[in-house]
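The structures considered in this document are given below.
Next, two complexes with subunit A in common: one pairs it with subunit B, the other with subunit C.
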Partner chain A sequence: MSTILECKNLTKKFGGKNALEAVDLNISRGRIVGLLGPNGSGKTTLIKLCNELLTPTSGEILIGGYHPGIKTKKIVAYLPENTYLNDWMKVSEIINFFKDFYTDFNSEKAFDMLKRLNIDPQDKLKTMSKGTKEKVQLILVMSREAQLYLLDEPIGGVDPAARDYILDTIISNYNENATVILSTHLISDIERILEDIIFIKEGQIVLTKTVDEIRDEEGKSVDALFREVFKC
Partner chain B sequence: MPWDLKSDRPIYTQLIEQIELMICSGIYALGTKLPSVRDLAQEAAVNPNTMQKALAKLEEDGLLYTNRTSGRFVTEDADIVKQVKGRLALSQINDFLKKMKNLGFQNKEIISMVENLLESKEDDYHEHNS
Partner chain C sequence: MLRKLLKYEIKATARLFLPLYLVLLVFAGINRMFSIIHFESFNDSAFGGITAGISMTVYITLMAGTFVMTLVVLIQRFYKNLLGDEGYLMFTLPVHSWKHILNKLIVSMIWVTSSGIVALLSVLILVPLDISLKEFLRQIRLFGIQLMDQFGVGVYLIGLETVFLSFLFLASGILMIYAAIALGHLFNKHKLLASFGMYIVLGTISKIFLSVYALSIGHFENIENVGTFFESQIAFFLVFIYVTVIAAVYFLLTQYILKKKLNLE
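Moving on, here comes the complex of A and B:
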């Protein structure tokens, strides 16, 4: 199986503090991966490094064989933790914007998902609730035919019913060339759809296993193991 | 049939058990075509790779077979299904016996209780139909 994301000895320092420390990772194509860790463990730093929003202090990242840059942005669909869309725009305008921007954007898919979630494409973003904005943003990201989806907390702000729909969308979008990496705290909601688990703690990878390996070896859910590993 | 997956056991083994059950109970009859991996995964809300792995194991066990051009089917061999049925029944009985032993019942008591229960159910059945 070929690799989509590779981190070699990746370190990121903020001042004297190590946000990430000598991270080695190898993620194959066609996986749904959960990046799990408590607040401040380095999840968002790792995702931002993959998107060139931060640059490594040392070590390197390769996505589909390239360092983060123009080439990788064509194949990576990124859902940031904060919104960057213009508030005054209508959803339909944003869709046109994305279509213009990304050659792999599928507007039909976007309009279809909006309809399923009862979002009017003629509504302006600023009239929407926080949760609805998050849905719109996720729809935009999932409407791309990317090779790597990096989703930073994709389900945090949405209601359980919409959460189910989003997970359903991730499964039905699945193709063997694309990998989805998502960071979250809501483990019990998503562990059924995950295949691989990465536990990150204080900037270091402490565990990489498949969900079924964890359940088989530990006799407990990923959620239960998380609570144990990261017990406060 | 809704998929009932527990969170403390591997998803893959639970998928195998539930598909076996669906075949034994006739939801998927002998020789019928199964939905695609993606559809089954979506229905069970699990990762498609996990579903794929479960189906591959069932294929290895002879309960399913793949026709390269037209998809995945339930075996037409009734004996294989019968064997699986026997195995599932045995594990149910073992579970039951274990629980009864925990409650402190002896084999003879268990047998007579089961017989009595079955008899009374049979009476009900005849009354309803007379």
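Moving on, here comes the complex of A and C:
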């Protein structure tokens, strides 16, 4: 199986503090991976580094064989925690924006998902609730036919019904060569779709396993194992 | 990709400027109307006087507002769109970071220039054209003839160079603001305040650089006296070098911070 994301001895310091410490990671194509850890464990830092929103202090990241840059941005679909939507466009306009900048963007898919979630493409982004904005962002990201999806807390702000639809969308929308990495601490909600898990704690990877391994070897759910590993 | 960035940047800003320009011109027209009917003793009535007074106040406020808004939008589009939450979208587009800077710079230059032109236009509407405009044009022609006497046909070249240098000065001024905002972004707290401080620091440094530059040139060239065409060309060239160097430094500094030191909240 070929690798889509590789981290070699990746370290990121803020001031004198290590946010990530010597992280080695190898993620194959075609997997759904949960990046799990408590608040402040380095999940967002890792994802931002992959998107060139931060520069590593040392070590390196390779995505599809390239360091983060123009080439990787073309194949990575990123959902940040923040709402990045501006206040002057309509939904249909931001869809055109994505279509303009990403050649792998599928507008049909986007309009279809908007319809399913009852969002009017003519609505202004400005007037939307926070939850609706999150849905729009997720639709924009999942409408790309990317090779790597990096979703930072994708379900945090939406209601449980939409949560189910979104998770189904994630599973059904990506092709078998693409990898999805989700960061979250809401494990029980997403456990059913995960194939691999990465536990991260205080900037270090403490465990990487497939979900099947956890169930077979430990006889536990991911949620139960998480509670054990990160016991306060 | 720069073309696409420009398209969206112009869209995002035009919706703010175009209505303002329109209202400014309309109020210049209204004020002009009042000044015409003045002669028909409309302004002598209390109602007429108050209305004319209010419309003049509105016009002056709009005029000031146009300049304030040009500056505010220039800063906001860089600060909010690149270094605020929207930066998460902008910096994950498959676009080089220097194109983001160039995009903002070009569009800001367009709006600063058009605000100037529209303001001038509104003054021309407001002030009775027949007297002032003729006099204005006459003065320009006189000035042109004077220059012609001094420099000959080279005056056209000098005119072109003056326009070119003005735009270059404008660009370096805007890039200095961008560099100050980018530097302010490196601070953990009070980023806007830090940006303001950095603006003062950059201003001081470029003034020092200018003094050193002028002194070092002064050793072998007296540039104060631009009597002949040849001397004027040397002066233009020296100014050109100065502005280009500081503009380039601001650009590269901003680009470096956006590329290597980015840390969006």
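Keep this in mind: the second predicted complex is superposed on the first by the 232 of 232 C-alpha atoms of A that agree within 3 Å, B and C clash if a C-alpha of one lies under 4 Å from a C-alpha of the other, contacts with A are read in each partner's own complex, and residues count from 1 in each chain.
Just so we're on the same page, a contact is a pair of C-beta atoms (placed from the backbone, for glycine too) under 8 Å apart; a residue touches a chain by one contact, two chains touch by 3 or more.
Values in this document were obtained by computation on a predicted structure and should not be read as measured data.
Enquirer: Judging by the criteria at the top, classify the pair subunit B and subunit C on subunit A as clash or fit.
Expert: Subunit B and subunit C fit side by side in the superposed model.
Enquirer: Angle at subunit A, subunit B to subunit C, CA centres, as a multiple of 10°?
Expert: The vertex angle at subunit A equals 160 degrees.
Enquirer: According to the stated criteria, A:Ser221 is in contact with first (subunit B), second (subunit C), both, or neither; which is it?
Expert: A:Ser221 contacts subunit B only, not subunit C.
Enquirer: Does subunit B (first) or subunit C (second) touch A:Asp168, or do both, or does neither?
Expert: A:Asp168: touches subunit B, not subunit C.
Enquirer: Touching A:Ile193 in the superposition: subunit B (first), subunit C (second), both, neither?
Expert: After superposition on chain A, A:Ile193 lies in contact with subunit B alone.
Enquirer: Can you report the least C-alpha distance between subunit B and subunit C in the superposed arrangement, rounded to whole Å?
Expert: Minimum over all C-alpha pairs: 28 Å.
Enquirer: Under the contact definition given at the top, report the residues of subunit A touching subunit B in one complex and subunit C in the other.
Expert: none
Enquirer: Can you list the residues on subunit C that touch subunit A in the complex?
Expert: Result: residues 1, 4, 7-8, 12, 15, 81, 85-89, 91-96, 259-264 of subunit C touch subunit A.
Enquirer: Considering only the defined contacts, which subunit B positions touch subunit A in the complex?
Expert: Residue positions touching the partner: 5, 7-13, 38, 41-42, 45-50.
Enquirer: Provide the residue numbers of subunit A that touch subunit B in the complex, in ascending order.
Expert: Interface residues on the subunit A side: 30-32, 164, 167-168, 171-172, 174, 188, 191-195, 211-212, 215-216, 219-221, 223-224.
Enquirer: So in the complex, which bits of subunit A are touching subunit C?
Expert: Against subunit C, the touching part of subunit A is residues 48, 51-55, 70-71, 73-74, 76, 78, 80, 82-86, 88, 97, 100-102.
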